[in-house]
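The same chain A turns up in both complexes below, where it pairs with chain B and then with chain C.
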Partner chain A sequence: MTAYNFEPEILGFLCNWCSYAGADLAGVSRIQYPTNIRIIRVMCSARVDPTFILEAFIQGIDGVMVLGCHLGTCHYLTGNYNTERRMKTAKKVIKKVGLDAERLFVDWVSAAEGERFATFVKKFTDKIRNLGPLGKETAFDNETLKSRLVAAKEALAQDKIRWLVGRERELVEEKNVFGEKVTQEEFDKLMHQTIEKEFAKRRILLSIDKNALSVKEIAQKLGIPTNVVLKNVMALESDGLISVIGIDGNTPKYQITRV
Partner chain B sequence: MSEVRVGVFVCHCGTNIGGFLDVPELVKYALSLPNVAFTQENKYTCSETGLSEIKKAILEIQLNRIVVASCTPRTHEPLFRSACKEAGLNPFLFQFVNIRDQCSWVHMHDKEAATKKAKDLIRMGVANAVLLEPLEELKIDVNPKAVVIGGGISGMTSAISLANRGFEVRLIEKSEKLGGTLNNLYKLYPTQIDASNLVTAKIGEIEKNSRIKVLTSSQVLDVDGFVGNYTVKIKQNNKVQNYDAGVIIVATGADVYKPSDLYSYDGERVITQLELEKALKRGEVKAQRIIMIQCAGARTKERPYCSKVCCPTALKNALLIKEKNDDSQLYILYRDMVTPGTEFEDLYGKAREAGINFIKYSPEKEPIVENESLKVYDELLGEELTLPYDLVVLSTPMVARSDSKELAQKLKVPVDEHGFYLEAHVKLRPVDFATDGIFVCGCAHWPSNVDESIFQAYGASSRASIPMSVGYVTTEPLIPVVDEEKCTGCGLCEMNCPFKAIKIEKKEKGRKANVIAASCKGCGTCGAGCPQKAITMKHFTDDQIIAQVRALAEVTS
Partner chain C sequence: MKPSKQGTTINPRNQDSENKVGSVLVVGGGIGGIQATLDLAESGYKVYLIDSSSSIGGIMAQLDKTFPTNDCSMCILSPKLVECGRHLNVEVLTCSEITTISGKAGNFDVALSQHPRYIDLEKCTGCGECSKFCPVDAIDRFNKGLTNTTAIHIDYPQAVPLVYTIDREKCIGCGLCKNVCLADAVNYSDKEREVRLNVGAVILAPGVEEFNPNLKSEYGYGRFLNVVTSTEFERILSASGPFKGRVERPSDGEIPQKIAFLQCIGSRDVSCGNGYCSSVCCMYATKEAVIAKEHMNQLEPTIFYIDMRAYGKDFDKYIERSKKEYGVRFVRCRVSEPLASAQSPGLPSTGILTRDHLTSYGVASVESKEGTEKSTVSNTTDIRIPLAIIIFAIWRILPLILWEVNRGT
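And then the complex of A and B:
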């Protein structure tokens, strides 16, 4: 095992009824696997809020596994379908941050599949060893990466993305209250735009958390086009989240509204 | 709140943990963690000695959080929780850390790394323990009435058993009369009693019992509610009515597989074992040369299971034919004869004595049924035989009812890959469903013969009567709590709840999510999806989970 010069830290969220039981079975069967993984037990994989994944990355964890019951056999009937949709979105957000989305691994392990669990852990550990420490695949320094992750976590904690994730099945598979149905493609596009917008908004908010900045300064600091920043700043201002706290010459400076 | 005082007990589990992790080092490490007031290592924490050490520490050093680092919560959490309870500590202030099944047993060749991992796990467990809150179990009243779905032998037996205990029962039967599969059977092995006698006796008992109301030609339209308070919507002919019940027993039986393209099946000269039963009952079997093929359509790729009643049934029917007509020639072609126990093995012995011929075939060289004769490769002789026949009987397996999945969805219970109902645990809760208050028996559960079905029916009715006798049930309080200030009543939680346990209702502050604690199973999907983050899942709160993530990221000393 010491052949590798980087040993990643891996966190696993396992559901009580299937994957955690599968991990126990791997133990009972004495199947050996790498020591890198630490497990948090939840009752259902659907308990895993996408913000938990981002929190793990903020804390510097190199890879996260979310394992539930096989689709159709969830102890809570349909819980893991929610997991599937939420984690799909989490992966998109992680990609938006700049990380390799494969740092989040989502799959299914039954209580009888100790071997499958161990194989997943082995393969995932190897994958993360090859990817290297968190952020190695990006050009960001630690501080930038962390602030991007914090912005991503906050975007995932807000209602816009959460609402959309929660409605995906209804929107794509059934009709909405107006009798409309969207295609998966249209939905994905909408989700992509929402993530883009929410992520930008949260980054802007973070950038003016301590110091008041002008639109131009924000754009410079974050590397986002000025017109995009302007649009978002207007939206944030009308939501009352930020306010002008001073004018430098002709340029208004914005800061987070303190209640 | 008073000072948090965590006690950490690290178990050696004999050598299961102690042999692969540095337990003394873990104990020393645990004591260095914030809020930890006491640590101890135990040979077996789950032993009487270990448990009394926990209780002693709670009482003598005022520990108010207990962490046990040992095996798995899936087997031992109830034990440690009750130890806490006995010492006066709320059982939900107990925290498990799995350092055996998910550590020592899977990292047996790297003591150093495994010990480091165990330290991380203990640190995470302690971080969670600090944030645990005392919780009270929920008490729910139980309506002492039962609905039994299915009027075959299992359903009838369950209904009688429940009624004899003093409970009112609605017995729901799809067809026009009670009896189920037994109505098609002739004699029952191993005692050769008439199936119709058994059915008549059971119906007689039901008719005499004023607590049982039978609804024939009825079907279940919908099921709502939770343990103790179910409402079953039933359609009888064209009348729809709701029946309230505290418990439900599923006894819907199974079908016998009817082949379409198997061994030249035609329903006349090649028939199923069930069709033979019917013919025997009518006294219509005239054939002299009869060949039975076991495992016809069973133990295949589509149906890999053994239906287990087919071998004794074939033996029984072969013997019945031989008894009536000693000149008849009978062959049973088998892959493996399955006759467990003394009585069925005895049946096999009798069949051999009676001159019934047994030929072993393999699934790779299946028998071929031709117009006048059947070709079979005898595995034991090692040669192909040609057997002329008058009648071929296919022992086809039991299969799940075609509507089992539909009913399962209404009941919110699972079926297995073959469509049979799936119990909560094969050994620990064999006739319960994971959904409290719903039970299963007979062939709905798995292919069973009559006596097994009766056993299971007694089991299911006995289990079902527990909540009704006690009058209430308690459930784990792993439920969501809604912050009405944050909740906007968007309804996403209601839409995604698999158990209809959270509903938007009009409240003082407008439309808000309302938790129906008794229906809630504690999965937490509502909390993880709430757009406003207005939902806190008790015992698995965001704070508790995040605390574990953060504790993991801390550097191990």
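And then the complex of A and C:
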């Protein structure tokens, strides 16, 4: 136990048809579980956008639970299959930020499983209590962590990642537009590269939000190799998001384009 | 009315001309093929212009400026591209390669295989919505890999035909482009097609290709990010290129202080099979040095050459002007090898030193042999900001591909 009593704040997204009813059952059955959890009811666990998870962390939540119906019993037939894939992506991004991916918990609870719900909450709360407050597993100060989280959330909001997340199930399990199946490895590789790139781009944008910086300065600030920063900077410049505001000696300085 | 075959007075020559076809096939859509096409089309011939890539334009489209007038390359090329695209006598066939040619002079049967581009040539308006959304990155070959493009892409904004292409190798088939396409031009069921042409003459204009700089690994291409080929440097110079015309180092985006051009790399060198001089490198190295200096006045370009081959009319004046007006330095020597800078060992792409006596010039760089290739290296012993770009530029004239022509009967 640390010097003070750390009580984690846990956010739970529960689906209306199964998990929320399961939590209700736990309540009416007077099953004891920790009060650290705050519950948001959603119509389906598939309503939980990966950006919601990052937003929760930005707001200072220490752990997020996403609970839905058991696979195959979704009220909307395939909603929770989508949840499964989306949360997998969310976990990848959380790892990219530097946090322990265990801070996001995804599982299934039916309306009849009050006990199971209570056990999950107990176990998860214990786990987060042991992990400590958000960011304790990283070496970042609060400000850095927050900016990484904001960058991650913005990266997840980009069309490229959203479209890939949305299409993963069909591409991997069924077929693509050419009638071929994409292998899971191939898809994961693409997803990994896309996350890496979008995350780096958003971090670069945030780093030059206020001050104009050179590629070298950005690289130093973010700990990314200069040639990688340069490639991303060029892409951002082509998209019109940033521009050179001046050349200081031999060093072009970039800043966000203000419209 | 056709001459009758039964006629007894038919001159064998006339009989021959009876079988002659008045259309021409031009193979290769570079500037040479384009000019040949336009000249023939203006003379009233029907011309088929084919190219294996997705658009015509070739290497000239990648260049920034041309010597000796420093005219903008695209400004010369794009009106010709447009003319090819709209001329009633010209049919442009892209993504096409010849499989067989048979017949004899005056009458050839040509079989082409046309690769699928998955976009309807008639419908695509070239608006670019698809590539804005495409989630898959691909290497931008037009920009020589200095930037990325997407799996659905167009080489450059002035491309003819202005139609996007799906890179089937990269595409994962997510279907987003079809969703966002405003013209309904995406067709995933496009297939390899065979096209047959009957032409009277075939002009082969295969053009040139760059020497593979990896064959001369001692110059550091691939090891040092700041060693680039001349075509890459053209893209760096280009206002529509990855750096918007700012001369920046690929390693870190800083503007280099010194640039070394190494001449004759891969040319006049029988060890890599190119005993000849490619004859343009001295001039375009000088041109690149001048243009780089125009873009960024603080640059100090040095050209390391074996001998200066300014072969055209008034080209020597151009060289002299580059020395006097732009301060381009010419050093006669053959550079042996660029070395990583001791000042910034973590950045192998910066400072480059040459061996021994060369360092006394204050510039360590290697020059390639004049003629076929050029490269630049900048470096120095005493430079505070050792910004080096090495440019390898090497041209290799593409061998004509000789098809075995089946004369038939």
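FYI, the second predicted complex is superposed on the first by the 254 of 259 C-alpha atoms of A that agree within 3 Å, B and C clash if a C-alpha of one lies under 4 Å from a C-alpha of the other, contacts with A are read in each partner's own complex, and residues count from 1 in each chain.
Please note the rule applied: a residue touches a chain if its C-beta (ideal position, glycine included) is under 8 Å from a C-beta of that chain, and two chains touch if they have at least 3 such contacts.
Predicted model only: the values in this text are computed from it and were never measured.
J.: Can A:Q220 be said to touch chain B (first), chain C (second), both, or neither?
T.: Neither partner.
J.: Looking at chain A, does chain C or chain B touch more of its residues?
T.: More residues of chain A are touched by B.
J.: Let me test your reading of the model: by the given contact rule, A:N176 touches which partner, first (chain B), second (chain C), both or neither?
T.: The second partner, chain C, only.
J.: Could you look at A:A26 and tell me whether it touches chain B, chain C, both or neither (first, second, both, neither)?
T.: first
J.: Should A:T138 be classified as contacting the first partner (chain B), the second (chain C), both, or neither?
T.: Once the two structures are laid over each other on A, A:T138 reaches no partner at all.
J.: Now for A:R47: first (chain B), second (chain C), both, or neither, which partner does it touch?
T.: First partner only, chain B.
J.: Would you sort A:S238 into first (chain B), second (chain C), both or neither based on which partner it touches?
T.: A:S238 sits against chain C, while chain B stays out of touch.
J.: A:N250 contacts which: chain B (first), chain C (second), both, neither?
T.: second
J.: Using the superposition on chain A described above, determine whether A:G79 touches chain B (first), chain C (second), both, or neither.
T.: first
J.: Which holds for A:T35: it touches chain B only (first), chain C only (second), both, or neither?
T.: Only chain B; A:T35 stays clear of chain C.
J.: Across the two complexes, what residues of chain A are contacted by chain B and by chain C?
T.: Shared contact residues on chain A (touching chain B in one complex, chain C in the other): 159-160, 163, 167.
J.: Within their complex, state which residues of chain C touch chain A.
T.: 133-137, 146-148, 168, 171-176, 178, 188, 225, 242-244, 246, 248, 250-257, 298, 347, 349, 385, 387
J.: Which of the residues in chain A come into contact with chain B in the complex?
T.: 1, 9, 11, 16, 20-21, 23-24, 26-28, 30-33, 35, 38-44, 46-52, 55-56, 59-61, 73-79, 82, 86, 118, 157-160, 162-163, 165-167, 170
J.: Sort out for me which residues of chain B touch chain A in the complex.
T.: 72-74, 98, 100-103, 105-110, 113-114, 116-117, 120-121, 124, 412, 414, 434, 478, 490, 492, 495-496, 498-499, 521-525, 527-533, 537, 540, 542, 545-546, 548-550, 552-553
J.: Within the complex, which stretch of chain A touches chain C?
T.: 159-161, 163-164, 167, 171, 176-178, 180, 182, 186-187, 190, 193-194, 197, 214-216, 219, 226-227, 229-231, 233-235, 237-238, 244, 247, 250-252
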